[in-house]
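Consider the two complexes below, in which chain A is the common component and chain B and chain C are the respective partners.
So, the complex of A and B:
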């Protein structure tokens, strides 16, 4: 049973890898502009890019050969689990991505934990008292938080927390304190939505007959929540969390650039500008595989906690 | 719960805003693309990790660096650089003439200034370095002061000649490199010169100008390079930081395709120039004190010509010139001639945030004299690429004339013939002769003035503004500078205030 599911996921991963490789390659070829000039600008900066630099890049990287040959080389390297070398920095793509993916995962992980601590508890609280002042207040706050673009949220937090209060560094990377503000920026946006999802799920469960029956049986609110509430809303929450991951990837790009955080979003944007094809392919590949792994984990978790379907 | 919150707040507030005690934090927009001087040498020279043979002072005069003095042979074809003795690289190996020759040979193999110099050989000669040329080339020492000519230890380079580590001779040595955004460095105790005063320093690349300004304001950074115009005003009003601002030899200019049928007549280029309200653009958009009325600012005294008739703003005169050239307004106000609309594409790039903004203002000013301009804000490389295939009409750019302290190198490559970032479809034999003579070490101030007068009359590029470089420096440190040549920030001379 579990092996069949794993085999399916593995096949899915291979298809994703191939598709991402082909698509990112084709998209990079379709972008306007001379690739040698773009790479020279990425390497040497705008003061230094000129026809001579572009010619040197073209000769060094063999950009005159047909594009499909480059793609075949990439596929061959990939078969040997080698992602190639960045055409901008000259370092192995894997070495570049490892540092930047690590930084992004660090940021995303802290953001998810923070949002899980903020959103669902508030949502459950509101859902248990659906229609009360807390519920209505939360609706307003979460709508407002969701409406604020992430770059604005980041700047507001810097001005409030770093400049007015002087509690946390405004930006940067390298120390544990540096993660707090960017993670909070991401977490507030996510918590605004997850609080609503938790609230709706909780309100629905609380309105069901079995919940009323439990109360009638004499269980306390806390016992009810632990025995019947959390597991029932858990499925909705876990499925929703994996959806949030997509939002997270989107938000990470913006937040990384505001806070000077060396992440994968930042790397991808720069690689596209600089026509760093191996970096784009490698980064897209890892992100694609990340989604497959995440989907697999979500399925697994949902199966484990769904109170209805232990045998399914 | 009631107890936890105040406790947490107290714990947070106990951490002071300037929590990086003893560490000086530098913030700038430049990312670290790799260890090699050709890609990120500008960061390593500013952070004083590595040094060049020749240094430049704030006025652009060449002063000894790793070379103590230099002389050229009578025929101008052979330069001897005497190397400083007793210098150690950060890996403990000594600075030898072989190591210097190796580093410069690697530098010359990459795109850059050095590979444009007429060098035939770089070789050790005893304890000194000999560079031989195929023709006399006076700016050679200035070329050697550029960051792409940084001297690294032999162990820094891989088999292909690319530096994979930063092993220099500077007063600071690298302790951590996290490309692309951060590095850490500590004082190098065996430095040959005066020791740095602050033990530990960091460098952080932050791309967004507003974030950089906020880092300065919150006290998280001690030296913040390159502020946006709005932040300069705000930070200048506050007390937390001191804002430094100097004009640098970098000019905002419009590169003109003089081969374009509508632009080949110098009078047409003059008309475009007359349409531009430089004063208004500088003060309202760039927040500079004034616009440029010739190519170089007064801070480059050798190339700024005091008596030159300034570029003026006179749309009326511009319209009259264009009418003389046969252009008549069409029904929508845009000029036409023989059925052709006066319609141009202005290419620019957003890496410098003021460029697209200025392009929009220039578009309006051009419309005012009946010239239709479409803006293409794209990658910087589109400008040299469009230059090469001839498709470029106009480009708005910020050209750096201080790649080396003597702008002659840049003028030579940009204007003495067609140059990717300078003249396009424009050539002037008298001008080229003057510049080649100057580069070969012949002629002086009168020749420079004459050359600049030709550019002012012919306008192969239309100067718009002189760049102002800005930095915000924390009140907690003293000794910081802005170098007009963007080589140093004064790191090893800085010290904590009150010490």
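So, the complex of A and C:
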């Protein structure tokens, strides 16, 4: 049962790698203009490009061989876990990504913790008193928050907190206060959704007969929540966490660009700008595989929380 | 973003709720503004008059001017038309693709089903923004690229829903009776599948359109989307951000436009739950 689920995830990882390969291959094919010129521009700046620089780049990267050869070579490299070399910085893609991944994971980690502190507790509270003022208020707030795209949330926070109030810096990296605003931007969007999920799951559990029985036999609210509530909404929350990861990754791409956070999303936008295909490939591959690994972990965790075995 | 939300919305439909009515009304108002403006106040959204930069409203530009002296009302309407058209086109094509593949997977079962499910799970693993970004690097026309990229992102939700619902419905006695009586696949789809699928698909479509509009604006905001001078909501916000002190109202306009549009679509989608 569990091995079958993991086998499926393995197949999924392979298809993800193939998809990324095909997409980047198409991207390479369709590049408008002379690839060598663009890369030379990315390396030396637009004012410094001439035919000699472009020719040097072309010879160095083997851009004159047919694209399908490039595709096969990439697949071969990938099988040896070699992601190639960034055509702009000239450094190995793996080294670049490892550096950026640290920054992104830092940001994402803080955001997940923040959103876990905001969303589910509010949702559980609202779910225990379904229909009350908190419940209705939360519905309105979360509906409003969900209608604010993440880049807009970032913009609002920059204008309010950083420019008007001057409490926190709008951009930068390296100090604890730099992570606050981008993380909060991500966290608010996620909390808006996770609060709703927690609320619905909690309201459903609280309406079940065993919950009424627990109250009737004299357990306090706190005991009920610990013994019967949290574990029962656990599976819904954990399954939902992996969905949130997609939102997180999408958010990271935008939020990092806005706040100038030197992470993987920021790098991805730049790589696509500069047509740095190996970097795009490497980054996309990492994001896709990260999602697959997370899904596999979700499968396992859901089984741990509720060993009764819900078919995946 | 809301791609994932759709899976959480249950189906039982019993006529439109108040929230859905409100959503439909807001959406109609936004569309009426987007398409009505050029009829009422015909101004070219690209016309510059630098003397009017950041000036307040007048008869030619009831919402005021941006930093290059272009009518904000005309630009806002044009940007909304662009977003709404791309979103609608992507939702429709994704819906056709997703429903067709979903029915196919559930109907044929076996390898067809397994391969399609694996493919959809794998596409799901790649963030939607990434897909749209890569496709927009491949296809030179950005509007077309958005349409293709968004279709590739949005079809999955339809596929998963259709596949699950169809597998359940095909096992029901009604369908088996129809098939025993010799009715064809098209009849079974129209008579048995479509009535069950349609209300669910509306939810997915509304969430999908909201996702599309957010992605278009997000890419405009990081300056990789629609190229200027063609007006786009996210790009308008970036352009107007430096002037937020002098002309806060100018910056607020695209913000309100996108908030209302997405709120309307969310209300339309989840209304029947509340």
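Just so we're on the same page, the second predicted complex is superposed on the first by the 266 of 312 C-alpha atoms of A that agree within 3 Å, B and C clash if a C-alpha of one lies under 4 Å from a C-alpha of the other, contacts with A are read in each partner's own complex, and residues count from 1 in each chain.
Going forward, contacts are C-beta pairs under 8 Å (C-beta built on N, C-alpha and C of every residue); 3 or more make two chains touch, one makes a residue touch a chain.
Every value quoted in this text rests on a predicted model; they were computed, and no experiment measured them.
In the superposition on chain A, contact of A:257 is made with both chain B and chain C. Shared-chain residue A:246: touches chain C; no touch with chain B.
Of the two partner chains placed around the shared chain by superposition, chain B is the only one that A:91 touches, whereas chain C remains out of contact.
When the shared chain is aligned, chain B and chain C each come close enough to touch A:273. When the two complexes are overlaid on their common chain A, residue A:159 makes contact with chain B and with chain C alike. Look at A:167: by the touch rule set out above, it reaches chain B but stays clear of chain C.
In the superposition on chain A, A:287 makes contact with chain C only, not with chain B. Of the two partner chains placed by superposition, only chain C is touched by A:146; chain B is not. In the superposed model, A:50 makes contact with chain B only, not with chain C.
On chain A, the patch touched by chain B and the patch touched by chain C overlap at residues 155, 159, 257-258, 273.
The part of chain A that touches chain C in the complex is made up of residues 8, 11-12, 15-16, 19-20, 23-24, 26-27, 29-32, 139, 143-144, 146-152, 155, 159, 193, 197, 200, 243-244, 246-247, 249-251, 253-254, 257-258, 268-269, 272-273, 275, 280, 284, 287-289, 291-292, 295.
Across the complex, chain B meets chain A through its residues 12-13, 15-17, 19, 25, 27, 30-31, 33-34, 36, 38-39, 42, 110-112, 115-116, 162, 178-182, 184, 202, 204-208, 210-211, 214-215, 217-221, 349, 351-352, 378-382, 384-385, 387-388, 397, 399-400, 403, 419-421.
Within the complex formed with chain A, the residues of chain C that make contact are 1-5, 7-8, 118-119, 121-131, 133-135, 137-140, 214, 217-218, 221-222, 224, 234, 237, 241, 244, 255, 258-260, 262-263, 266-267, 274. Of all residues in chain A, only 33-34, 37-38, 40-54, 56-57, 88-91, 96, 99, 155, 158-159, 162-163, 165-174, 177, 257-262, 266-267, 270, 273 touch chain B in the complex they form.
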